[in-house]
């Protein structure tokens, strides 16, 4: 067990981040050292996880690592364990990539701010917390990591305390976040009282057998705790306020990483700890909550006037997609859900970075005041469009591949289970996708196209560091969109297989044969096979689209298409916009005045939603309690 | 949403189109359509009535001195005409006629001008002994002697006081407004400058006491 | 071959853009009546375009009041080449009864080269069709150059 | 050698048959027929059927003005992307039993590819910076949202019907649907499919932005909406892609609901005793002609008749109409298909 054997890599991945945080506090006085330290710790963590991919993903091995060498004695796990199976490594990789890109972005993004040292400390603590949560195999250890990431996220939301609403958003996040953490803590305590162990694998072996009321209450508490972290429906306004105020690189982390950790918790909880996904009602819970948050958040996003709040609501709506897919409990559903989770981190990260670029250059993200930035920031516009097209699922980009798998999964589930409810979910999913496209058309018209206001006349392009970070995400968007089979074979299929092979998870932790001895009916490890029904093979589609586009452009250029007449003199009426003959004054159609037809027809719905999202923290706390009560009721009746 | 005209749409699909195929089929104008102006210079007496009543002041008159007399050209600018035909109504000699030809399309200004000219010969009488009428100095038009009325040599009208009943009809009808009649003072005066010797007063006078 | 085809079709699909420079709407109704089933200018390819960018023939009605003069000239300048300007009725040609008024900025030909004028105080639809047909011929020659 | 041959063949597919040439001619002719029939319905004579060709070539000859406020490259590139995407969709719609890229015709992908032309006109309008374009693109997006729900319901209903018939539970591939219809009769003859067909017919004018649902390009209210600043060749490309979109949607209707005729073509050929290569080529030609005639018929029924029979709707009426009446029709057929009718 030499220091460099792969067994230690999980703990190295976590510790490199925490060590980085510690060193930045100590030595982070001057900028270069601080940036170098942050970069090294983030890339080290990414490197360690990449080294594990061959072993865990392809060979299917599950790494069980007992901290301090305390192996289980007498059938009881005393020490704290880290367990990395395909699912945790999948989420770990996702987190490491997002953290890496966000760190590169924040080098130049945070240049204007002061006390950036604290920023990097909290940044690395947040990253370490999430990495710890995803890789740990011990329930209490997961709770500690949840605490770390919640406090780091709250502090980072309020980092720019001069910004309006930053403190208030952080306070709201703190209140409901702590309610969620306490729910997790109480749930963990109740499970420990039942099974006298905190080890995740042993717990899932012991708990699944006898489900008495205590475990049912524990399930409800844990479920609500993790959904606060994932900002699912009753808790989504927090995300909107948090993203509105937090710096863009932190929004990337919150939306790309924090919500995924919440999802990871829910998947672990429902598939492993309680193994209750077989129940139809449990699937109904996840699918219902998922499609509810999918639809509510996308309609709320359409009504937003602020770029980052709009993106925040979208990230919750995409989380709704992932939750719906994960709730189907079919091989294709899980794989589609995980694939969409990965895509979501990538394109949502890209969009938040683009929002940060706009904020960095113009100082505002209000859709009403911006406009025409494509003339001054062409690269950011192209990168934003790639992100916008992939989130709304336009074929050549990655959003389409995963959404398309989700539609198939929900529709196949509807056909297999004969229950028409899932059909409704497919329809909601498809309509939500169009509404996502609508809100991104709104953003592109209000921010990047349309007329350039006078105050942003001398806006320049963002520095190269930020564009490079956005470029990485854009490249990932296109690559994962073009080679879905590559992604599914090496990433999502092993992860989906891991989700179903609970027995293997327990045995690798507690020693072979443990699962059979303890559990009444140890779940057999299913073989993951699903046939993708459609015939979407992106490379040849894109090839044909490219050839067609090439043919069109060649014919156009042959017809002297680009011999256009541009404006010769500074003022010449011919190249002014047509205003019905009037002098073409500055008039931008953007922000609130778009989609009147849709808003008019849904005005009662929007009115009700407007009153519901009051922005007062006690309303949101009340919602959290109501949600907890409903969850308790549900789990007591159903489980 | 309802489809109000489906029946008509389908039925019209099979019926003949109500289109007057204009460029192919000639479509004459309505019977008394006021189209292009035709000007008959021979009838015109250049009384200037049309020019004064034309609302679009589309009519201009040009007088040139030539040896045979005054060559008067009247031009009607169709581009400035409202085709109300008031000039035709007022023309006592109906020298202006509105035809049914509505094809008034032009690329150059000139195409829209209708003009005609005529020579206005001075009266056939023996030439005036001394000063020419136009150059008559500003002596006031005196009352003609009460003896038997003798026609004036410049062809302008003169009234016979014995027969005149001062009904003021001639003054009303005079296009140029050259005659003043005062019923109380029983006087009849003629303003030489204005008078164009058109003869309307002679025609109109019920007592035929005006002789030219 | 291609250039000839374009010149041919320039005459076959002239799109109109109508500018009302203070007209009494007599000519405006006549212009629109040209597109009704009775006279149906669409069978010759005419179509009313919404924006000057789509227009080939600009039809101006009304005596070009001082208020509308800058707007008329700006709208006309925004029409892409090759274009034709047709004045309809007597007003744009000469100011008609409004000539000499303080608020009439005079005939259009003072500011812009007018290709075709259709006379008539509210010309007959047939006359308008003649004028437009003449304008398409001019368009074709302009295109030909 | 065979690679070059197959590459040439595929290039031929893209550029000649179901690709550009067929789309250009078919789309323009369809647009001409539509304008002629609408005129006939209004007791007018109407333009010659080749009028769209004249419009296209005239616009090609005009000068392209790029307004100063526009983002130049997006402004010029947007129409081309829309056109290319439309031609790609047309490639994957099977002409009865012949499909250029047989393995890849998929309903969901076509559903999403139909978004690209709408998106290209929206981005083009946004890039021009004109406020008319801003209002136009807002209305265009609402129209796209309005048409999406019924379109989705219809496609799911068809997928379910054919899927349950073939036993795979669900079938998204157009070629399989075409084959199924060739085998046992067009889908439109089934009871559950009639409301779906009607709903699809009502969606076509909305999706292409034809008269009653063209609030987005209303030339009287907002000066041609997004096209307000376009002139010359870019405008010609947009008019062309509008025409091709009509062809694409009508041929999608034929592929989805009238596939049975493919079977009849096959046995007509068998009747004539032609076999082998000749039959294939002739079959394709015959198929293309029949497809175009059917498309013309459907255009007359669903685009021209609706154009002549009613006035332009306000944008919120369009939205309400599509999300209540047409979606109810489509939902009815989905539920019928669901319960195995």
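Some points to look at:
Lettered A, B, C and D in written order, each chain numbered from 1.
Keep this in mind: a contact is a pair of C-beta atoms (placed from the backbone, for glycine too) under 8 Å apart; a residue touches a chain by one contact, two chains touch by 3 or more.
Quick caveat: nothing in here was measured; it's all calculated off a predicted structure.
Ranked by how far their CA centres sit from the centre of chain C, the chains are topped by A.
Central chain (C-alpha centroid nearest the global protein C-alpha centroid): D. Spacing of chain A relative to chain D, judged by their CA centroids, is 36 angstrom. Taking each chain's centre as the mean of its C-alpha atoms, chain A lies 91 Å from chain B.
Shared interface positions of chain B, defined as residues touching 2 or more other chains, are 17-19.
For chain D, residues touching at least two other chains, in rising order: 39, 42-46, 60, 63-65, 132, 223, 228-229, 232. Shared interface positions of chain C, i.e. residues touching 2 or more other chains, are given as 37, 40, 43, 51, 53, 78, 80. Chain contact topology: the protein chains form a pattern that is neither a line, a ring, a star nor a complete graph. Within the complex formed with chain B, the residues of chain D that make contact are 37, 39-46, 212, 305-306, 308-310, 313, 317, 321, 325.
Contact residues on chain B toward chain D in their complex (touch as defined above): 1-6, 8-10, 12-13, 15, 17-19, 21. Residues 17-20, 22-23, 27, 29, 35, 55-58, 77-84, 102-107, 109, 112 of chain B are the ones touching chain C in the complex.
Listing the residues of chain C that touch chain A in their complex gives 19, 51-53, 68, 71-75, 77-78, 80.
Residue ranges on chain D touching chain C, taken from their complex, read 35, 39, 42-48, 51, 53-58, 60-65, 132, 218-220, 222-224, 227-232, 235.
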